[in-house]
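Before anything else, here's the structure in question.
Labels run A, B, C and D following the written order; every chain starts at residue 1.
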Amino acid sequence: MKPTLDREALARLVAGDIPHGSYVNLGIGQPTQISDFLSPELQITLHTENGMLGMGPAATAEEIDPDLINAGKVAVTELPGAAYFHQADSFAIMRGGHLDIAVMGALQVSAGGDLANWHTGEPDAIPAVGGAMDLAVGARQTWVMMTLFTRSGKPKIVPQCSYPLTGEYCVTRVYSDHAVLLINDGVVTVRELFGISHAELESRLHGVRLSPAARHGRNA
Amino acid sequence: MRLRLADADEAVADVRSGSSVLVGGFGLAGQPVELIDALLRTDADDLTIISNNAGNGDTGLALLIAHDRVRKVICSFPRQVDSWHFDAAFRDGRLELEVVPQGTLAERIRAGGAGIGGFFTPTAYGTPLADGKEVRVIDGRGHVFETPIRADAAMIKAHLGDLAGNLVYRKTTRNFGPIMATAAETTIVQVSKVLPVGSLDPEMVVTPGIYTDVIVESA
Amino acid sequence: MKPTLDREALARLVAGDIPHGSYVNLGIGQPTQISDFLSPELQITLHTENGMLGMGPAATAEEIDPDLINAGKVAVTELPGAAYFHQADSFAIMRGGHLDIAVMGALQVSAGGDLANWHTGEPDAIPAVGGAMDLAVGARQTWVMMTLFTRSGKPKIVPQCSYPLTGEYCVTRVYSDHAVLLINDGVVTVRELFGISHAELESRLHGVRLSPAARHGRNA
Amino acid sequence: MRLRLADADEAVADVRSGSSVLVGGFGLAGQPVELIDALLRTDADDLTIISNNAGNGDTGLALLIAHDRVRKVICSFPRQVDSWHFDAAFRDGRLELEVVPQGTLAERIRAGGAGIGGFFTPTAYGTPLADGKEVRVIDGRGHVFETPIRADAAMIKAHLGDLAGNLVYRKTTRNFGPIMATAAETTIVQVSKVLPVGSLDPEMVVTPGIYTDVIVESA
């Protein structure tokens, strides 16, 4: 049995699955780390929804420019071939279906691919959605990167989301510490497992029907 | 970065009979003449052309119409002093015409590229061009519901492109290029020069490379 | 009685009525001539709907650049302070109410300010509308510049347009060879007459109720 | 060319109590801090602020909220690590909040500036942010009807301006500036430098001068 993935290994795994030449938006938080493992030969172009294509790595000391930040408001750099645009144009790229992949964190993902990642639904929570809903409806593929269980052990893959939705039927893959899951038309297929058996996964994801690992390779 | 460099004939080879094609330009300014000429050399017909005009003189779009390759034209201003090929085809009933106000045409193409499902505009309210369309009074003003336009291909002309597909235009040739580039399955761009990545100031880029699929250098 | 205005005198009259600092779109045909009479001190900025603000006069021999044309597809020039933009942005300027004045030709104008200028309605006519409808709904003021009567002597100011409309309730002024008329809430006020008496004008514009000349000056 | 040059205090003097104000910036990038500081020095309150965020730390927008000058915030992402003034005002019920997805916020502002009466977007369909809104299935996909946003004033930050009001931005500070400039009765712009007319390349202008009403140089 392969060991459970730590955050770095998970980021490396996702990075390796992004096809050559893709246009990608990496969400705030854990997905941001994926960029550390994208090799230049892959010619992957990063989009940041605050108005840029061709975003480079985080800026270090002398490179820091407060006028050049990513969606997480972290100072970043500009790669050759970059372009800047305003917010309406930036979200036209997202909503118009021009991004190949968006990778986002999640609170819950349903077996049907519904995504919940913006609001716990608690009455005193302050709602803040940012660009998550636009990414969810817009990117050709939405991948989720998260721990498979909450700290208290509750599964984040659920038959139906109990948290308020970000978008319906949008998630196509879930990358987690314990499993890579493919979601397609309500069928959840196990691609790879880490530190957990299929039987244990099934028992912990109660109510979610899992198909066995696909035979046709990683990029299915 | 999935940009394909091609010559004009290779570039248009995927435009099949029955395709819808957005064609840039306002009159001749910004009209991708080399790409249209290449399309003429294919056998694609039954085309739907979305363009501001319907061809001028005996070149470009006008020839495509003259050779009966076009089934339908969606445009704002077909009739011009030198649109004799369009005029003849239309009067002969060889061509279907949808006239759209120029701003509505632009906005429908933008909506197609921007993932907007439709919009209400005051333009054309109370006129024959609103006939049969949903109308709604918003803030006391009549509006017409308009739907997005997307096409199988866009053929546009830019000034300079780089190998990341970023484009800049020249003066009033910019017209429909930037919006058409966003609204097609395949965007084919004719430029006067293809430059190395990093040659264009990122602040000046008008069409980001994400929209460019095929680029043709045509000096 | 003042003499009838020729086209040049009419263009000069309109030019003199455009307030300092205005943003103006001059329609194809007769209105284009207005630009010959705009003095630089007036700081009037011309918009051309094919994608430019700060349009200069028609280009002469060595200035002609096929990449720089106006909406009538005539080669023009660029003034300092100009800007280029694409069609969606250009029509956002028009439809969004940012232009102070559009001056257009007309086939008919109704007493209520309806404009008909794109289609004779004849069954074999090829319709072509261009940007006329967008200008009619968008500009803060729509001025019409035309002859007051057709070649056969029919009035172009009518109780109701018989030609297909370009826009409803949009025309605020009509500049013609015989009269300057102000239209406001269905009331047509005579500002100035040229080569015609008020009584004759009234009799020839049968069915259109005319108010007498306004007392409060040219820029009413 | 009706541009007014002013200092920050003169520039914001027309923003009255009860006004709606579009405020540029994504976090601090592009936030017109000098203009907000000037607005703090007026006595305008009961303001509706439309901005992507609801203030950071103890500066700019955050202070406007801290001083109870804001009645309502329309934004996409109020809660941040340093949004304590917003958080407190919201929890105390001193502030009304309308959360709008960031792309819908941008598109509503663009619609306001572009004379569009409303549009259907797939964003937020099936989520609580669509509650109470008109929905429509278009081409098999659920859409939500969204209305344009216009405001009494826009306060934005650009990089350079010329005396015709043309503006260019710098890197990711461009964000909301170009669309907010189009959607206000009065657009007030803070720039680092005002240049003579003719200093900016017409191909590079992002906001044409027609949208700029008041310009403040603030180095």
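The rule is simple: a residue touches a chain if its C-beta (ideal position, glycine included) is under 8 Å from a C-beta of that chain, and two chains touch if they have at least 3 such contacts.
Worth saying up front: this structure is predicted, and the values here are computed from it rather than measured.
Counting only chains that touch, the fewest steps needed to get from chain B to chain D is 1.
Taking C-D and A-D together, the chain pair joined by more C-beta contacts is A-D.
Of all chains, the one whose mean C-alpha position sits at the greatest distance from that of chain C is A. Computed centre separation for the pair chain C/chain D is 35 angstrom, with centres defined by C-alpha atoms.
Distance between chain B and chain C, defined via averaged C-alpha coordinates, is recorded as 29 Å. Put simply, the C-alpha centre of chain A and that of chain C have 55 angstrom between them.
Along chain B, residues 107, 110, 114-116, 121-122, 169-171, 202-203 each make contact with two or more other chains.
Chain contacts: chain A has residues 52, 78, 84-85, 88, 91, 94-95, 137-138 touching two or more partner chains.
Judged by the touch criterion defined above, the protein chains form a pattern that is neither an open path, a ring nor a star, and not fully connected either. Chain pairs recorded as touching, per the definition above, are A-B, A-D, B-C, B-D, C-D.
Residue ranges on chain B touching chain C, taken from their complex, read 26-30, 52, 76-80, 86-87, 90-91, 97, 99-107, 109-110, 121-129, 142, 169-179, 206. Against chain B, the residues of chain A that register as touching in their complex are 21, 23, 43-45, 47, 52-54, 78, 80-85, 88, 91-99, 137-138. Interface residues of chain D facing chain C in the complex, by the touch rule stated above, are 1-2, 110, 112-116, 162-164, 166, 182, 197-198, 202-203, 205, 208-211. Of all residues in chain A, only 48-52, 65-70, 73, 78, 84-88, 90-91, 94-95, 114, 119, 124, 126-134, 137-138, 164-168 touch chain D in the complex they form.
Within the complex formed with chain D, the residues of chain B that make contact are 107, 111, 114-122, 136, 138-139, 141, 143, 168-171, 202-204.
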